[in-house]
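Quick heads-up: structures coming right below.
Two complexes are shown next, each including chain A; its partner changes from chain B in the first to chain C in the second.
Take a look at the complex of A and B:
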């Protein structure tokens, strides 16, 4: 089975991360909204899964996730502003 | 401090360069209502904001604006990468090209350089939040105008996302203003400057 493409995994991660960004902003001004708090918990979990799935397949998203061998590889992958494909 | 995430907040994938669009979209990088101005406005205002909740809002939105600046720069970069000299001349992109080639430099669509004069940090919670609400509307109008001028769906898609965020930020700043007013004398919100005159301000509730 072909592995999920970089673009697909990134898209999924971007969606999950965005849900967190938007709910966190809502919670800043509605700190006791129970539905929003539950939603944040749910998507925090989904975002972590999406992040791990991406990183396992296509490499680190943050510098402290770089797998250290005998060479620094952080710059090996495409930068996010580059055209994909 | 900040930690860099190697991802855009919203994807940008533009398959065809277009100097005409790049020339106008760059205004949301370094123009009067652009994302650089937005990020520096909110991230400067937060230090003296006496209500913790509202300082948190300024931090989160200011941080998101930096991510938006990266999206706008990615759009301009992809729109200018691989342009031929003929395309550069035909689109009237040559005045930018002569100074910056196809590097990213913060300027308005008119060519005016980015300046801190585009933003205000007044040290007054009400003044600053009203400025921030106006800033979000000005940015929203700018995205509306860009969407009137740009046809390529690959370019319009991230512009629509950015436009929608201006609307959400306007709403959140309005709520921030309400939170500030809840701490003040409801008979005269302007009797004092809460950032200067309240010696022991309550923390955000």
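Take a look at the complex of A and C:
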């Protein structure tokens, strides 16, 4: 199975993040809406999965995701916001 | 929760409907009965949402709020 491209995984993460942000906006004015809360939980989970999928394949998304051994690897790979890697 | 617009309407004394019926059902049902010069922001209710891909393309997860302004009318 071909490896999913970095762009595709980033796009997936962006989609999940966007949905989560928009649900959060709804919840600001509807803090007890049970359907919205359930939906928020669902997409929070999906966003976390998307993050892990990206990081497992293409490295840390944020500086504090760097797994520190004996070398600082944050700048070794293309940064998440770079188009070409 | 009951329908917001219905609550607004029930609080408003209904004028006799003398205007001719138009093609626009929404306008007929709601806007035509409301007092002039008052602004309303109906409280959003949770409904269906777009799938994530479409949501990102449209800029909202809510079909109810997917109302691009084209300089003429709502589409």
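Points to keep in mind about this one:
Rule of thumb we're sticking to: the second predicted complex is superposed on the first by the 78 of 85 C-alpha atoms of A that agree within 3 Å, B and C clash if a C-alpha of one lies under 4 Å from a C-alpha of the other, contacts with A are read in each partner's own complex, and residues count from 1 in each chain.
Criterion: a contact is a pair of C-beta atoms (placed from the backbone, for glycine too) under 8 Å apart; a residue touches a chain by one contact, two chains touch by 3 or more.
Note that this is a predicted model, so its numbers are computed, not measured.
Residue contacts after overlaying the shared chain place A:13 against chain B, while chain C stays out of touching range. Of the two partner chains placed by superposition, A:32 touches none, neither chain B nor chain C.
When both complexes are overlaid on chain A, the residue A:22 reaches chain B and chain C alike.
In the superposition on chain A, no contact is made by A:70 with either chain B or chain C. Shared-chain residue A:62: touches chain B; no touch with chain C. Looking at the superposed arrangement, the partner reaching more residues of chain A, out of chain B and chain C, is B. When the two complexes are overlaid on their common chain A, residue A:83 makes contact with chain B while staying clear of chain C.
14, 18, 22, 26, 29-30 are the residues of chain A that lie in the contact sets of both chain B and chain C, per the superposition on chain A.
Residues of chain B that touch chain A in their complex: 3-15, 53, 56-57, 60-61, 64, 70, 73-74, 77-78, 81, 168-169, 172, 175-176, 179. Listing the residues of chain C that touch chain A in their complex gives 43-44, 46, 49, 52-53, 55-56, 60-62. Across the complex, chain B is touched by residues 7, 10-11, 13-14, 17-18, 21-22, 24-26, 28-31, 60-63, 77, 79-85 of chain A.
Residues 14-16, 18-19, 22-23, 26, 29-30, 33, 35-36, 39, 43, 46 of chain A are the ones touching chain C in the complex.
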